[in-house]
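Same chain, two partners: chain A is paired with chain B first, then with chain C.
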Partner chain A sequence: MAARSEPAPIAVAVPSDVLRHQKLGIVLLAALLLVAPFVFYPVFVMKVLCFALFACAFNLLIGYVGLLSFGHAAFFGTASYAAGHAAKVWGLPFELAVPFATLCSAGLGLVFGWLAIRRQGIYFAMITLALAQMLYFFYLQAPFTGGEDGIQAIPRGKLFGILDLSNDLVIYWVVAAIFMGGFLLIYRTIHSPFGQVLKAIRENEARAISLGYDTDRYKLVAFTLSAALSGLAGGTKAIVFQLASLTDVHWTMSGEVVLMALVGGLGTVFGPVLGAAVIVSLQNYLAGLGHWVTIVQGLIFVACVLAFRRGIVGELAHLLKKPL
Partner chain B sequence: MRRSWLFAAAALAGTLLTLPAAADFTGGKVRIGVLNDQSSLYADITGQGSVVAARMAVEDWGGKVKGVPIEVVFADHQNKPDVGSNIARQWYDTEGVDAIVDVPTSSVALAINEITREKNKVFLVSGAATSDLTGPKCSPNTVHWTYDTWALANGTGSAIVQTGGDSWFFLTADYAFGHALERDTEAVVLKSGGKVLGKVRHPLNTPDFSSYLLQAQASRAKIIGLANAGGDTINSIKQAAEFGIVAGGQNLAGLLVFITDVHGLGLQTAQGLILTESFYWDLNDSTRAWSKRFAERMNGRMPTMVHAGVYAAVLHYLKALDALGSDADGRAVVAKMKEMPTDDPLFGKGEIRVDGRKLHPMYLFEVKKPAESKGPWDYYKLKATIPADKAFRPLAEGNCPLVK
Partner chain C sequence: MAGDDAILETEGLTKDFRGFLAVKNVNLRVRAGTIHALIGPNGAGKTTCFNLLTKFLQPTSGRIRFKGRDITHLRPAQVAKLGIVRSFQISAVFSHLTALENVRVALQRRRGESFDFWRSEKVLRAYDGRARELLAAVGIEAMADVPAVELPYGQKRALELATTIALEPEVMLLDEPTSGLGREDVGRIAALIKEVAKGRTVLMVEHNLAVVADLSDTITVLARGEVLAEGDYARISTDPRVREAYIGSEEG
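Let's look at the complex of A and B:
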């Protein structure tokens, strides 16, 4: 991309005291990750982390490029099937199965993105939804996914042949590291010159084009990156829970990730993490309520849209007058 | 050297001393977790009814095993394997649950099957259908009580052919479960001397069955086999009634239909439907007595075979705990359950096979015409009884690794 004859992205000087809050937030997040497994049930925290990474990847697209994808479950689910199949049938270890799954999702993201970025707004959302639904029916029928039964009893195995991942605490540290890696990558992307161009596209695409940026390429790269990170989350989740199922590719999963990003705050760095924590906790602790979980989720969605449209973190940032 | 010998002796003595303590009840109580669908399509078949059935088993046993209290907890797995496996892990790891009961939806049951094996607890299946649980996926920690896909296909398939329904047409839900049910039933039909005139696949959760039903009608097959489940079955039966298929002389065979489905459809629509179940409230005096007690607690709703299976399985589990004096080792508990013959008021005498399959008779029922029904929930007439040794898949054909 750099080799093309387009203007080098302008390095926007972000005041360092603005970034200081976000850096403080990252340190706090890391500290939380260190304490969490001793306070909460580690498997639950891992679920939160996988969904948090998924929501962050989704947020990269909607929050910073302004593209509402309604088919992100396709990337999440593809990776979980890929990781499950690789680990169970091919016997690949964790360190190969998860990158393989990430690559699968990235490839898929490239294809979906190439088709979808030609349209904007509701059309973009519809194209991604349609492609994801096609994929859903493929997975429903394909023999290797096990259909309704999914891929069960995926072995967790050993990391690099030494670390025994069947221990919940050991795998927790691995998942925490993966989450932190993905999160920092997104953070870096947002604050890079590349990220600034993405924001320019979000604000005014015509103007970005008039400035000489090939916006389609930027959008495609962002889309692929988002798909790959969603895949990283999905692949990790499959191995942690030893299960890849149709739930992961169903359109409701695409809806859930929208809800997570929205509740936390679109276009904020920490919003999706908090949003994922809120939604996963609701599902977990209100499981006894049965169908009411979806009703509670719906009410939260309505409350969010009506009362605090910026999301929890978004409103907080607004109050503090600092980006978070 | 001498000191190390002393150490070894002390260590050995220590282990021997702690053994009786280890052979005890974990957490000072027996906790049974009923995990099923509390709110969605299987909530009537399983749901709160299974919780009530488990509580009745605990009460009938006396509320305590060897002086240790028994507790029943429950949760909703929303038919999602990831939600279900999450709850199961949490129950086993942090909440001291010793056994998980019921678990409809095959995908969730298969997930719990693996977790239970890994954590060495006990899994008593009543609601799930897949015969893989006692086949390739069989586990020394699992007992599959009430029914399975093989038994349904076999019961409905062979009994119908024997009672004259020798030409079939399949209406199959187009996904793994539907294909498996169709395949198993077709094999049974052919083996029993019947023939299959055709089949048609319909997408999952389709609202419109008209074109499929017209094909079935045109085939002139005596029996239309419904290899689908839940809402699809209900819709196909309703629409078949609108097309006058049963009135026209063809019979519907539901391969996975429960009494609550018939209750929901009404006799006018469901009449003539042939189905296989392992329990019906009006079978004999003891099933009537138990079902009456059940209905009193469930606002008059009669139990399904899944509820009956939960009751009987929990009762037998408690018997095994009493004989063993411990709930710590799930494998040992299940081994004890297999060793002891089963005997309960709902399924009578029976046994649990080495692959985890509970053996009891299955019954072929036909849904009554409205005129034949004498009162609420009087829905079935018994057409045939399939004896326990013929009702389930032969041990050697399941490919269960536990069978040598």
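Let's look at the complex of A and C:
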């Protein structure tokens, strides 16, 4: 058996009762969500939250199963179109459009995952990229996506027919709840019996097989879960910004989510959230630079890989010798 | 040799890697409750044999039977579930899990499948007691909360053994359990194997002939993918063909 090549360094696991500061971190994160819309522009915070959830879902795969997907835009974008179409064309309310979008991505994840998990490492990444690119060209041609225009002016509508989501602050609380729900689900998954098997697969797949784990099935469940949560993020994003476009499904979106998780820290609980906040902030505040934003992002990527291989949160966790 | 007490047997086992016959028509009978060693010069096909038996490789032809049941077409995880558990040549631990967690991943198999991602891992604490017992059995209970990556090599091999025993396997396949170990560790691991082999069947690939002589009930010598000789140590060690194979390989 050839040893698996070492991926980026990953935070060290410790017994569960030492996870107190992770729980503290979650409380802090929740407090931050309560204050954020009064300090920052709510739409900006919602953008951060949607991408943060996307990055956390992506991190579930790379950080805890060791699978690098380079096609996650497919799930984000599919949900974006699905939610947009459901809300605008079918007139479905938020509470149906977003779950519908999530389901679409989960189904797609099941199919893509089934095809991709048979290969490892770079081959896995290339298969996910290839499948996502095929889907991109499908969406480019398909009539319901609106091609280059995308689906515009998606109605936010009312939640359960009562809460008027056109109010930015109202929809903010909904998005914050969705983010927190998704985040907690991922947190629980990582710290579940299932998560324990995932980590074993990440560390040594052949050994996990020799202990009687049908690792392909575990990887497929994780992949589908990650796709579904990416879809939850994408569907929510489409309704918040009332726009589903090719950007959501383009390969650069797959690259951006890698960057977010990497900057924050692969295999850390909070890293992807911070990473998303950093990248979205850069995009917003440096928007005046036009195409130079990409260059700045590229420089950050290089700096991260050279100097902070564990990412911001990963380096912090390493310093404190505690998992974050 | 009594034939009906074979727990694991192969019949005409052959593996052809695009024209290179790594394993050629091997008929192996591992009797229940014995320690059976597979030895031979480098490239004799020992590890390939292991990979075939545990289904990490699919044989080109031949049959594998476990307690009379044909397991030739099972997947590796299924073979493990039946109670045939292997170790690896390079120590196979889950590096970034603690020693306790390493053993617990194996104990967790008792729950059946673990697809419940919504449940807290606190349910796994039920196995902590047994995991500590197993760590104690291999003499590394003090390292329970240390990530496996930080353990010295000898302790990693002990941890791997503890993880393997955790599954209560009927047959243990150990691929060079003492490779890379210092002299004291070799003795410790050999004693451990002897201990855990009680009530089980062990098939091991081993280079250290002192360990083989000390532990094995039966020895099968492989050379160029074929069975060269079989018997106890006294018989094998005086077999001229075996001597020739070993010396020949050293010259080659």
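Note that the second predicted complex is superposed on the first by the 307 of 324 C-alpha atoms of A that agree within 3 Å, B and C clash if a C-alpha of one lies under 4 Å from a C-alpha of the other, contacts with A are read in each partner's own complex, and residues count from 1 in each chain.
The rule we apply is simple: a contact is a pair of C-beta atoms (placed from the backbone, for glycine too) under 8 Å apart; a residue touches a chain by one contact, two chains touch by 3 or more.
Just so it is clear, the structure is predicted and the values come from calculations on it, not from any experiment.
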Could you say whether A:S210 touches chain B, chain C, both of them, or neither, answering first, second, both or neither?
second
Figure out whether A:V197 sits in contact with chain B (first) or chain C (second), or with both, or with neither.
second
Taking the superposition as given, does A:V221 touch the first partner, chain B, the second, chain C, both, or neither?
second
Which partner does A:V39 contact after superposing on A: first (chain B), second (chain C), both, neither?
neither
Applying the touch criterion given at the start, work out whether A:L306 contacts chain B, chain C, both or neither, answering first, second, both or neither.
neither
Output check: A:I162 vs chain B and chain C. Expected answer is one of first, second, both, neither. What do you get?
neither
Give the list of chain A residues in touch with chain B in this complex.
41, 43-44, 47, 140-141, 146-150, 152-153, 166, 168, 241-243, 245-248, 283-284, 287-293
Going by the contact rule at the top, pick out the chain B residues touching chain A in the complex.
38-40, 43, 74-78, 80-83, 85-87, 89-90, 93-94, 106-107, 110-111, 113-114, 118, 130, 132, 137, 174-177, 204
Listed in rising order, the residues of chain C that touch chain A in the complex are 54, 56, 75-78, 80-81, 85-90, 92-98, 100-101, 104-106, 108-109, 111, 113-125, 145, 147, 149, 163, 167
Give every residue of chain A touching chain C within the complex, in rising order.
1, 3, 10-16, 185, 188-189, 191-197, 199-200, 203-204, 206-215, 217-218, 221, 225
